[in-house]
Amino acid sequence: METLTLLSWAFDVTLGLTLMWLAWRALASEDLFKGIVLFIAFGLLMALAWVRLDAPDIALAEAAIGAGLTGALLLGALAKLEAGAESRSRRSEILPRPADKTKVFSGLLVFLLLALVVMLVYAIVKLPPLASGLSAQVAENITASGVSNPVTATLLNFRAYDTLLEMAVLLLAVLGIRSLAVVQEPRGREPGAVLDMLSHLLVPLLILVSGYLLWVGSYAAGGAFQAGAVLAATGVLLLLTGWLPGAWFVGWPLRFLLIFGLAVFVAVTLVLQLFGASFLEFPPSLAGSLILLIEVAAALSIGVTLTALFLGGRPQPEPPSSGRAEKRNTSGTQPS
Amino acid sequence: MLAQSFSWQVTVIILPLVAALLCFMLPKWGRWLGLVMAFAITGSVIVLAYQVMNQGALRYAVGGWGAPLGIDLYVDGLSLLMLMVVALVGLVVSVYSMAYFKAGKAVHFWPLWMLLWTAMNALFLSADIFNLYVTLELLGLAAVALVALAGGVDALGAAMRYLLVSLLGSLCYLLGVALLYHSFGTVDIALLAERVESTPAVWAAMALMTVGLLFKTALFPLHFWLPPAHASAPAPVSALLSALVVKASFYILLRLWLEVFSQDSTAAAQLLGVLGAAAVLWGGVQALRQTRLKMLIAYSTVSQIGYLFLVFPLASLMAWQAGLYLLLSHALAKAAMFLAAGNILCFGGHDRIADLDRVAQRLPLSLTAFALAGVSSMGLPFSGGFIGKWMLLDAALQSGQWWWVAVIIVGGLLAAAYIFNVIGHSFTRAEISHEAKPVPAIMEWSALVLALAAVLMGLFASWPLAVMDIGAPFGGGGS
Amino acid sequence: MYAINWDVWLPLCILASSLLPGLLIFFLPEERVVMRTLLNLGGASLKLVLVGILIWGVFNGHHYEFRFSLLPGLDLVLRADALSLLFVALSAVLWLITTVYAIGYLEGSPHRSRFFGFFSLCVTATVGVALAGNLMTFLLFFEMLTLVTYPLIVHRGTQEARRAGRIYLAYTVAGGTSLLVGTVWLYGLAGSLEFTSQGFVADLVTGHRVELVIIFVLLIAGVGVKAALLPLHGWLPQAMVAAAPVSALLHAVAVVKAGAFGIVRVVYDVYGIDFAVSLGVALPLAILAAVTILYGSVRALFQDDLKRRLAFSTVSQVSYIVLGTAIVGPVAAVGGLVHLVHQGVMKITLFFCAGNLAETLGVHKISEMDGVGRRMPWTMAAFTIGAFGMIGAPPMAGFISKWYLGLGALEAGQGWVVPVLVGSSLLNAAYFLPVLYRAWFKVPAASWPAERSFGRVETSLALLLPPLITAFLSLLLGLLASAPFSPLQWVRFIITLEYVP
Amino acid sequence: MSFTDILTVLLLLAGASFFLAGTVGLLRFPDVYTRLHALTKADNLGLGLMLAGLALQAESWTVVARLLLIWVLILLASSSVAHLVVRTAQQKGIRPWKR
Amino acid sequence: MSSDLFYALTGASLFTLGLYALIKHAHILRKILAINVMGSGVFLLLVALAAGGQQAFDPVPHAMVITGIVVAISATALALALMLRLREASGLAVLPDTSPEELSEQLPEAPSDVASKNNGKNA
């Protein structure tokens, strides 16, 4: 066992140093594209670190959201950035490390940051070791929460209010993005036979996985966010293969899906309040199913929301004159 | 049972959230829905106020768990006054926005604004530092999206900078939350206040959280993002940001310093005071140098925020009350100023101070609103600003720290200089008159109502001061 | 439920009688002349009546006090004591007259609603200053006065007016700040700001003598700006660009008088004259006042612009009040206080006349006044009465003041004051008599700079009557000085309260 | 150490070596097509071997089924993405590398 | 030193590293990356410290981090959209008052109109 601890310690140190190195390279690399790729790698290794820290729930979320979707967002943004700058050379677009305003400023900055590190390290090292946290209370109340995965119990019961607000944040991001831009006339790409077949296989499978993650969340790692992220991955994949939301979809159905999770969340708690529960209180007997209901709605909304984030603007419904049926045809299934 | 589980605190948070969802879902009805909901929210804040005034401070355990496992909502005099000023300014700004935003922008404005309102109400009611982080993010993102609504290079650039600063501030704050949680095993403010002791981690948390919140509050020298953002946003948004949003992070700071970091932090408090003094002076001088009205008002905000930090080194009951009073009256006055500036901008198509004469004479109501709000900013009677300044001076003299008196005085003189610089122009006789777009009367009256509210705060100070004592947020009723 | 208690509400009604018409006037369209005039005169007359009731009530033993809590422990107090009645009565009477004059003067000019709105607010603030029952209330209305006179000064909207407005603000806002600091500090030491006869400071504060001296300086500097005490007088001549009724108001009724009144309040009702003497601040104040008297007179001598000459004359004359206050002794105090009334009536006459000359003939400079007495005999007659009053010629009101001042100074053993008074009177004569000589005895020029014809009378009646009335009043005040209810008797009554042994 | 354990170790080592080979290919090969070629082929195989090794240690058949599912999923995903990348590269006009 | 503590220190370093990059780099995309790295650092610290105890793991920080990750992607998405919009409007993906010398050093072939616009703003 001694060698095993040593080995795992060595692994942890390697992982930590690699994380730092990756972060450094991602931020300092001359080429933005390289930086983003390194950042995605950083995210994946972060997921590994979460596993090492006994946090599989976070690992899943990090891999799917932190590395996967954030990476997709970053790459998509970079592509649009470069598409807008065809006249300019790529080198100019990169804008690597700016020149220092003055040496003094730079020195001062480094000094301050060193002070920050010293302060943090000192604070962390001096932290009292007890730090029992809330594990005892969580364990005590877990049966009343309706789920057996303590993380899910915290997210959707003990601190459900945080989650409610967090979904509002997610909605807010979409609202902000929609207010900023209209997605330009999308170039409907032919998926092609191979991609078409693959996506036909993959999409149902991913939806299945998403459902599984959702279901398993009540007792093991997983839950609405992870499931939503997988759904979003499906959506992103579909967008990449040339699928576009149909004109009929981008109006109220899309808006409805975007707010669906939040609306169900609020509706459930309001109905319960009518029956005498306090705000976000789930009666223990019903808690499991209610949480699942909320999670299903939330996962759906999160999936759609994250996909919408990737789309990066509000899709404009086609003017009705330009052949609606045709559009619907290209949007969902293959024209071939 | 029903009476016990139902709480107006929750209503105050849920109503704007529902409003946001409805406005988003039914864009055609968004404006009217927004307005109706604004009235409803204000109404429920009034009911909550009534309840708090009768029953004292209220604590509500969300989900029935209670701290430390669950999240508590807490309302005392301090949070109640914040809620009320948000409701008042929010309602008036909503009315103003009915006329201000044309169909295209309105679709986006209303849901964003309702989410902003949700964030503020949730923030002022939260008793949980991690929950506060979430509300901070909600607030920050909503504010940024609203700034960007103006379009144009200036607004977008300012929004971008604002977003980055806001995120940086939140992360600093979150790091502090992490340290506090691991030191004391809770994120509830009241429990933290009980358990807190002086350790390196607490010091680090105090530094990080304070700096993070100072970024968001835009205290000198971390104010650099504020003037462009507040000046380039649409007028109602400028009003909301300057009047309310910067105050939200200040509120958290105040809470933390009052409850968690209250012990032996005199040196840090003096530092905050010095920065506040620098802000008062720097903001004032910069405001004097501006050529555009909205920039002037934005720098005036930088200066006025400085006053709020002068209370930290004084740290007496009177000083805290003075700070809060200044905060409230500044909220009303600054909102009135930005709305008035919006009217001028809308009317003449520009806000260059030097050419103001041709516009201002034809918008007497807006000009009056600006002038009255200016009186409050200068701290002249009759205005809330005067009462606040009086109390602050009193507190400074009583604590024997006379150097703050000098700062307050010079700040007031600077404010008088930059405000009369504007008012003076508006009395000039103009030869050429502008091609003008008419301004809806409701927009003029909205600005005036807020300015009058700021003036009334100078006459009816006893009531807010009595409300401040509910739950004794500033520690102890005496001294 | 309760009958309205007039002892409480009367002071507030006096305020409201100008405040409400003022606010209403703001919203009147420019062309509603009749309505505006009605509001103006109605408010002014009502105020006069209410002040009459107030005086009657005080004589019949009523105690008028309105109290409203501003802050815990600090009230907004409006109280009618003997001193405030003097000032209230003065401003109520002069406001009515000035309103009539202003209506005539501004006929047909733009932005009249704005003008009269602020005009009314200005008087409201003055009455507030007069009725203030504690230093806090005094400060509130004093600052309000600063704010509402600014628009009057810049009313014409020229670059020059704006410059004058800026200078005015620079002085008065700085002064107001000084007053604010002094007040807050004093509040911190004493815990109360209520005016009491013979002062509250001595009773409530023990020790802290250095602080009290500094506070005294801050307070006097604050009110002294408006009273145009020597180093702080710079704004007053600049403010001459404003219209004649405004100048009249500034010099005779509102701003300058509020400053002088403030000095009286600070010395008598805040510190108490005995305590002020024991602090050693009374004598320096008296010396400062004496210097201002001489300085103002000398500067007046060299002004060719009539209104500027009058302005420097004001600088000099107002300091008589300060001088009388600062000399320890009841007789001198009577002289100083009664000058508050006398100077007001006389100076307003002079400004009305100057305005008439400018408005009717376009005459602004003394060098243009040759023979103007023949063209406008009534106006110049009023002017002459005012000028002789200022010089202090025996039957006039001004004589009474100076007589008491001199007597009081001798009584108090401050003989140095007498030469100052004599010198100042000589200087007064030196700058007024040449004007009178030119006006009456020189041959008029071929044409006036900008003459307007008003038919049979020399100028419009609304312009002519007010100076005649005030001139008559200033004669009366001198002749009937010892009649009961004359200001002199009233002031004697006040002083007996302040100097109870 | 039982036989299955030894087999597991062998399979894991083999899988890891394929991963290593794929990674070396990714880093060293000259253009996008060849790099993808190395990556997808070697990594899919490596993953398969690793999963097989792990399946030998599984406690129940459901775990084996899940491991298999993972493999299928990755196969599908990586082939889809590889196809997408290559197609994009082609559309951008990147020529395959020739010596 | 336990490995959990080591992860906590890694988190602190990542936070600082990200902060440095946030201040130093002009390109907005890089600033967004820096913010994300800072966030990861904070999350790591939050969880690593919780794992330090000998008792059963504390799920509350885990829940907090999941919340944090979702917030982070929301912010990132908004920031990216804003960046693209800014770039569309101004032609540059840097903050508006980046000093002209800084710009010219990074961007030798920047179109003159953009450079002059920026100069005007700074003046």
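All chains are identified by letter, namely A, B, C, D and E, in their written order; residue positions are counted from 1 within each chain.
Note that a contact is a pair of C-beta atoms (placed from the backbone, for glycine too) under 8 Å apart; a residue touches a chain by one contact, two chains touch by 3 or more.
These numbers come from a predicted model, not from an experiment.
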| item | value |
| --- | --- |
| Both-way neighbours, i.e. chains that touch subunit E and touch subunit A | B |
| Fewest touching-chain hops separating subunit C from subunit E | 2 |
| Chain pair with the most C-beta contacts | A-E |
| Chain nearest the global centroid, as defined over all protein CA atoms shown | B |
| Averaged-CA centre spacing for the pair subunit B and subunit A, given as whole angstrom | 32 |
| Whole-Å gap separating subunit A and subunit D, where each centre is the average of the chain's CA atoms | 25 |
| Distance from subunit D to subunit B - Cα centre to Cα centre, in angstrom | 56 |
| Residue list for subunit E, restricted to those that touch at least two other chains | 15, 19, 32, 45, 49-50, 52, 60-61, 64, 67, 71, 74-75, 78, 82-83, 85 |
| Complete list of chain pairs which touch one another | A-B, A-D, A-E, B-C, B-E |
| For the subunit A and subunit B complex, residues of the former touching the latter | 119-120, 122-124, 126-128, 131-134, 137-138, 141, 157-162, 165-166, 168-169, 171-173, 175-176, 178-180, 252, 255-256, 258-259, 262-263, 266, 270, 273, 276-282 |
| Residues of subunit C defined as touching subunit B within the complex | 26, 68-72, 76, 114, 139-141, 143-144, 146-147, 150-151, 154-159, 161-162, 165-166, 169, 173-174, 176-177, 180-181, 184-185, 187-188 |
| Touching residues on subunit B, where the partner in the complex is subunit A | 1-2, 4-7, 10, 14, 17-18, 20-21, 24-25, 60-65, 68-71, 108, 111-112, 115, 118-119, 122, 130-131, 134-135, 137-138, 141-142, 144-145, 148-149, 175, 179, 181-183, 185-186, 199-201, 203-205, 207 |
| Contact set on subunit A toward subunit D in their complex | 192, 194-195, 198-199, 201-202, 205-206, 209, 237, 240-241 |
| Contact set on subunit B toward subunit C in their complex | 357, 364, 368, 375, 378, 380-382, 386-387, 389-391, 393-394, 397-398, 405, 409, 412-413, 416, 420, 423-424, 427-429, 459, 461-462, 465 |
